[in-house]
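The first chain written gets the first letter, and so on, giving A, B, C and D; residue counts start at 1 in each chain.
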Amino acid sequence: MFNTLISSNIFFLSLLLWIAGAVGALVLSKNDRLANWWGNSFAILGSCVGLLFSLSVLIIGSTFSFNIDSTLPLLSLSFSVDKLSAFFIFLISLIALLASIYALGYVKHYYKKYNIGALGFFYNIFLAGMVMVVSAHNALFFLIVWEIMSLASYFLVIYENKEKENVQAGSLYFIMTHVGTAFITLAFLLLYRSTGSLDFGVIKETIGNSSPLIADTVFILALIGFGTKAGIIPFHIWLPNAHPAAPSHVSALMSGVMIKTGIYMFIRMFMDMLPDAPLWWGVVILILGAISSLFGVLYALTEHDIKRLLAYHSIENIGIILLGLGSSLVFWSLDMKPLAVLSLVAALFHTLNHAIFKALLFLGAGSVISQTHTRNMEEYGGLIKYMPQTALFFLAGSMAISALPPLNGFFSEWMTFQSLFSGIMASNVPVRWVFILAAGSLAFTGGLAAMCFVKAFGVTFLARPRSENVRHARESGFALRVGMAVLAALTLVIGFTAGSITNAVSGVVSDLSAFNSSEPAFFSTIQTVGMRNGFASISMPLILASLIVTMALTFFAVYLVSRNRKTKIGRTWDCGTTLGPRMEITATGFSNSIVTIFRGALKPTKQTSIEYRDEDMRYFQKSSTVELGIQDIYNRYFYQPVHMLTIKASEYMKRIQSGNINMYVLYILAILIALLFASGM
Amino acid sequence: MIPITPQILFFLETMLFASVVFMHIAKKNSGVIFLYAAQSLIIAIALFYSSLKEASLLLVVAAVATFLVKVIIVPYFFSGLIKKHRLQFSVSTYLNTPMTLIVLALLTAFSYSHFFGPLTILAPDKENALSLAIAMVLISIFLIINRKGALSQMVGILSLENAIVSFAYVAGLETTAGLQVGILFDIFIWVVIASVFASMIYRHFGSLNVSVLKHLKEE
Amino acid sequence: MALFLIIIIPLIASVASFFVKKDMRVLSFIAVSASFLELTATLVTVASVMDSGLYRLNGYFFVDALGAVIIMLVAVVGAMASWYSTGYLKLEVAKRIIGFSRVRQYFILLHLFLLAMFFAVMSTSPILTWIAIEATTLSTAFLISFYNKPSAIEAAWKYLMINSVGLLLGFFGTFLFLYPSIHAGFPGLISWHDMLSHASALDPFIARMAFIFILIGYGTKVGLVPMHTWLPDAHSKAPAPISSLLSGVLLNVAFLALLRFKSVVDVAIGPYFSRELLVFFGVISISVAAFIIFSQKSYKRLLAYSSIEHMGIVALGFGFGGAGAFAALLHMIYHALTKSVLFLSAGNILVKYGSTKIRNVKGVLTVLPVTGILFFIGFLAITGVPPFGTFVTEFSILSAGIKTHPTTVIITLSVLALVFVGFLRHVVSITFGNSDIPMAKGESGLDTIVPIMLLAALLIIVSFFIPASMRSLLHSATINY
Amino acid sequence: MSIIIWTIQLALVPAVSPLCIGVVRKIKARFQNRVGAGIFQPYRDLWKLFHKDEVISEDASWIFKCAPYLIFSTTVIIGASIPLFTTIFSINVLGDLLVVIYLIALGTFFLALAGMDVGSAFGGFGSSREMTVAALTEGGLMFSILVPAFSAHSTNLFAISGAVASFSFFAFAPMILALAAFIIAMLAETGRFPFDNPATHLELTMIHEAMVLEYSGKRLALIEWAAANKFFIFLALGANLFFPWGMSSSERLGDVPLALILFFAKILAFSVFVAVLESTIVKFRFFRLPDLLFTSFILSIIAMSLTI
């Protein structure tokens, strides 16, 4: 009782702090500095309280629910926080805390250009919205906070509304998310139809009586609806445009946590609310996960806009999370609960990890952009000398996202692999093939991601500056560095404490009623995590320790052997010519081989245009430009045709309004006669 | 006083019906207006007759007002319009005369069909007259659809109103004199406003052919 | 007493305006004070309806719960539109678009228009209601052709003709509804109440036929597809405050008449028939409007089509019945407020930019910062984006229909998404970016901003909180539907 | 006892790998009708490099300077965590297949970064090619080892060799496909023909050499040594996962010499095989390599479907 009281109070306190931050920032919007401090300080406070709250729920394990009746029909403001919600609140608060610290410094470069108060307002509302999304317990209330979250993030995406492409990106985002919400709405309406309630708890208890067809339909609708928010291919088209458009700390939140609310609802609906899943649900999610991860990383490779590149990696990582989630569903339907727990833990762990390293990468990208004023990687280069700390943090993020040991990304990918391997061993032939392909796509994804981040890090930070922009760069401010440093530290810490964290995450999973009494298929101690059947085991601390020890020994030994040797500083060997920035490899050039290899899927385009000095002779070129591009096949073969079709239908409908009054009266007579006819029949 | 038998009612309705049919055929605007005046006259007489029968002074006033507005004032307005804008001939129709007549026949057949059969509950012995009144309603609307001339359309609407009044009369659904006067006042204002608009259209578009009103459509 | 004031004030105001010579400020003063007096009187009346139910005046006028909701809308939007008109016309006079006599004509007709609407809602007699609604047509015809441009005259002509045809059909239907009362030998003025009490004597066949006529007749005025054809023309050509009254209020008044007949026909033959018809008209109205909105070129027509769409939603709500009806009535309120916000801010945009074409208007947020925000708020509310109440009402309406009409619900949901997409495209291109032609930044006056802000504030408040008394009023208004 | 075995295991890879390179070079020289350097020449090379002065580019950052140590360390760690001559470390948590593969990737990652760090034109394209090949190899490598892993019900490499040793002949059949896949992946990962020419400095074709072009002195020595380690590791993996006979399965020290001798024999056989292969085929055009790598992946998938 006491716990509950404290919990609910802290919960609302964090919401209240965010709302106060929002309103205050708006009120203070006349003064940029004050609005920035107010908005972000309250965001920090709210996040701290949110962290406290979620940890208390995760540790004490007391679930908490709260209900306020509203004055509108059907709507009741009901909150319910179990461990799953608390896990996501933890995630949101953690990233929000660091992003807000970062923002304190980052927002400064918007002074006098844009309204800081509005930024603080929507930012805080966005945070509150996300927390409410993962704690809402009534479908209508959920939809409302879901849309508030989307709306706030929409305004954040179009925050720099003087750039036309940002506004366009925002529109695309808002359209996609709204259409997605329509699917979700329909899903909830169908649930309402068969259960007569909008309360998640009641739906959960009574849905079992309805036909499987309803559950299947709801599954598909929810998959599309929440999949749009999560950025699953082929519903991803908004994501690479919207995430880069937002201010970087917001991009970090959007990519790091907002898209995870889609994952949260997948788990909530498919593993908690809906009745036992049939096999094909899991299979569908597995396939989508495989496609998303592989294509996500391929598209990322083709990008040379640093934030778009990161955005595509979000799609990839959502795919990896889905691989865990999908296998969990498959195991659940095959009644192999221990394995289902393993897979879900893998999915949640990767959710946590991705939140951390993606936020880190976006923040790093943000500080680079704030110094160089461009998102084009081709104009970076050599930044490691101008921004050494940012470079280090970005490197940590790059290694983590490339799943390199000993950082955290490796561990969750290892677990995901374990669940896929178990699937290959445990299931029958057709499903086994899905698992094999999923594991294959994951293997390729890992390699390609590493390649992509060699490119991202190398082109951005290494070698020599490629443009004048870089030479003015300075190490970013203290607040920015604190935000990134903590996240970078977390990638390492979570890496070697993976065992304990696995325990905590499996506590979240076993809190779900479906997995209440099931023993997980793995064991985890502080040192070691492994499969109970002895298939595999791993010790993250040992990897870290052996790397440190071996490196130290190597260093020492080499020092002993060649301590008397001199080191000279010289120019890079240049075959006798002068090395210009143009001679370094470009981001486009780096990935060109992969693009060529996957030209079947990526459909690269190349446009050459040459201007001649003399039009008649066409011998001496004045200038020649080559434009390389990638066709988005989803856009081309799905979204464009749908758009054209709608416009056609619209033009067709417009003929109704022909301007001819005789025709108008004819409509009236016709409908009159038709109705009289119909009612007389 | 002679009682109003179903036969007499049927006769009156036939006359009214015929007047609308002739409106469809009439080529000259003055002809259409004359037909409207005749139509209104029949209704005014019928109203007057039943007001005498009811021996109610208010009803007499209403009938006289009907006469004044519909038979005198409205046609006067219209002929003023015709003179002002020299509109001897009505603008063309969408369907030619034979086609128009076929449509009229179909609409009449529809109103005689079983779809309207149970209307006889309203007035069990006046089935034919009721059906004709319904036919008149439909045909009046069709007049508005078929004619391109603004004037004919206005007459179509007025004739629609007459059709409804005649239906109410046949079915014995007259309302109080006060309401009748109210409705009449409405109609009167309507005619005034519509005439003003017709003049404005003439001024701005140079013709009373409504098919020139095509500024407002979806591009 | 209050009820009497509601009727008499606009009449006095209209007559008084007629005698004003040369001074616009007097006209403005009359308009604002009259409309605020009406608002006060209306609120008093509504309060007494909330307290003690039906409110009557000498057999000719009455206000029931449903009527109370509608007159409240008329009074609120009427007051804001009148206030806005004073500022708006001043701008147009300053720009020499119109002269004083036109302003006087405007205010005379505006008061008459409000009078007709109050009258239509409060009249006890269906015939008088009919006359009053016809009177709204007549009083607004000149307001629509206010600018005397060919296109405005065309709009007014179409408005006049199509509504007359429609209303005459409604008139015919009214007669059919009256017959049981007349046959029962009722003398004199037949009231809604009489009609309802004799409803069981209606022959089912005639009841059906009569309702079809009523639905088509008043549906024309409501703007249901396919009788809607006049609406985009008229609403887009009228001056902004008039558009807001036409879209925000007049449609609801016509809908009220439709609902009164619906309750009668429901008693006679059960609710199934009328509900199916309303659902039918609702869904085609929403769909057609949605598709036309998608590639619309003029922002005022866009708003007009959106009114058609929302009347479709309301029709759908009443068609689904039960909780749907409650939500539909609530939706009417939200729509009235939102659409007024939109039309009035569109008025500001039009005065500034001088074009109704979407492609000629860009960067409103920088040129007219307050209007831009209000317009965007209006857009969010009209497309049913939370936290605005329209989302909840739309959801409630759909949830009321999901059991009986699943296909309709799915269609509606998808076209609503389409409406959103269409709207967003247009609104974003209007709001953001930079104007092609350089123009002075800043709003043109408080009179054209404050009324919109008040409406928006009201909208936000009722989106979050509906007082208990209001809720019970809405409940008792929709208990029969 | 096990401590001694453990020490041997730890030191074996760095100690023997240059020899292995020397053997391959010698055989190749013989094929080319040359006498060739002695098989211990790589040791002398390393020794010489460690005692030379070093030139570092002014553009290089700490990444360039630290990468060799890290790369070398990863190979040493991997060397300690794969089965060489004994299977007794199957409880060793380092021996996990995925850990090994991702540690290899870690080395590759930093090697590629180091290649880009100095900003020369060669380094960049070398990194690009290296990462392309590495990314495409990962699937084939992982899946080819997964085939015996699934049969052994463990992804621990020691456990795999232990289990494969006890297979019947028929169970071994699909392993041949997996072996083919593994060899393709091995050649790609270690930069051998037909993927890369370890002896080339021809700018159009080099991959590995392009990345390390700027290194000199001790760092070059570390890099070269790490490359040798990597080569040896792959040979050992091939030898012990697919031909795991003769490994000592107990802690008795007496078994070790025999097991070591057998192990060296297997490595020698593999070295000869690689050398023969390198001498008889040509290097492929770069864009033909993906076909080969996908072939490796497909082969292992087929093998996998035959196994389980």
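Quick note on the criterion: a contact is a pair of C-beta atoms (placed from the backbone, for glycine too) under 8 Å apart; a residue touches a chain by one contact, two chains touch by 3 or more.
Quantities reported herein were computed from a predicted structural model and do not represent experimental measurements.
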Original post:
In terms of CA centroid distance, which chain is the most far removed from chain A?
Top reply: B
Subject >> Most centrally placed chain, judged by C-alpha centres >> reply: A
**OP:** Have a look at A-B versus B-C and report the one with more C-beta pairs in contact.
**Re:** B-C
Original post:
When the centre of a chain is set as the mean of its C-alpha atoms, what distance in Å lies between chain B and chain C?
Top reply: 31
Original post:
How many angstrom between the C-alpha centroids of chain B and chain A?
Top reply: 69
Original post:
For chain B and chain D, what's the span in angstrom between their mean Cα positions?
Top reply: 100
**OP:** Please report how many Å separate the Cα centroid of chain A from that of chain D, as a whole number.
**Re:** 36
Original post:
Where does chain B touch two or more other chains at once, residue-wise?
Top reply: 116, 141, 144, 153, 210, 213, 215-216, 218-219
Original post:
Could you say which residues in chain C touch two or more other chains, in rising order?
Top reply: 157-158, 161, 165, 209, 232, 292
**OP:** Can you tell me which residues of chain D touch two or more of the remaining chains?
**Re:** none
**OP:** Spell out all pairs of chains that touch, sorted by label.
**Re:** A-B, A-C, A-D, B-C
Subject >> Touch list for chain B against partner chain C, complex >> reply: 116, 118-119, 121-122, 137, 141, 144, 150, 153, 157, 160-161, 164, 167-168, 171-173, 175-176, 178-179, 182-183, 186, 189-190, 193-194, 197, 200-201, 204-205, 210, 213, 215-216, 218-219
Subject >> Residue numbers on chain C that touch chain B, as the complex places them >> reply: 125, 127-128, 131, 134-135, 138, 141-142, 145, 148, 150-151, 153-158, 160-161, 164-165, 168, 171-172, 175-176, 178-179, 182, 187-190, 203, 205-206, 209, 232-233, 237, 292, 296-297, 301
**OP:** Please give the residue numbers of chain A that touch chain B in the complex, ascending.
**Re:** 654-662, 665-666, 668-669, 672-673, 676-677, 680
Original post:
In the complex formed with chain A, which residues of chain B make contact?
Top reply: 94, 110, 114-116, 138, 141-142, 144-148, 153, 210-211, 213-219
Original post:
Can you list the residues on chain A that touch chain D in the complex?
Top reply: 381-382, 384-385, 391, 395, 399, 402-405, 410, 414, 417, 421, 424-425, 432-433, 436, 439-440, 443-444, 446-448, 450-451, 453-455, 457-459, 461-464, 527-528, 530, 533-539, 542-543, 546-547, 550-551, 554-555, 558, 561-562, 565-574, 579, 583-585, 589-594, 596-597
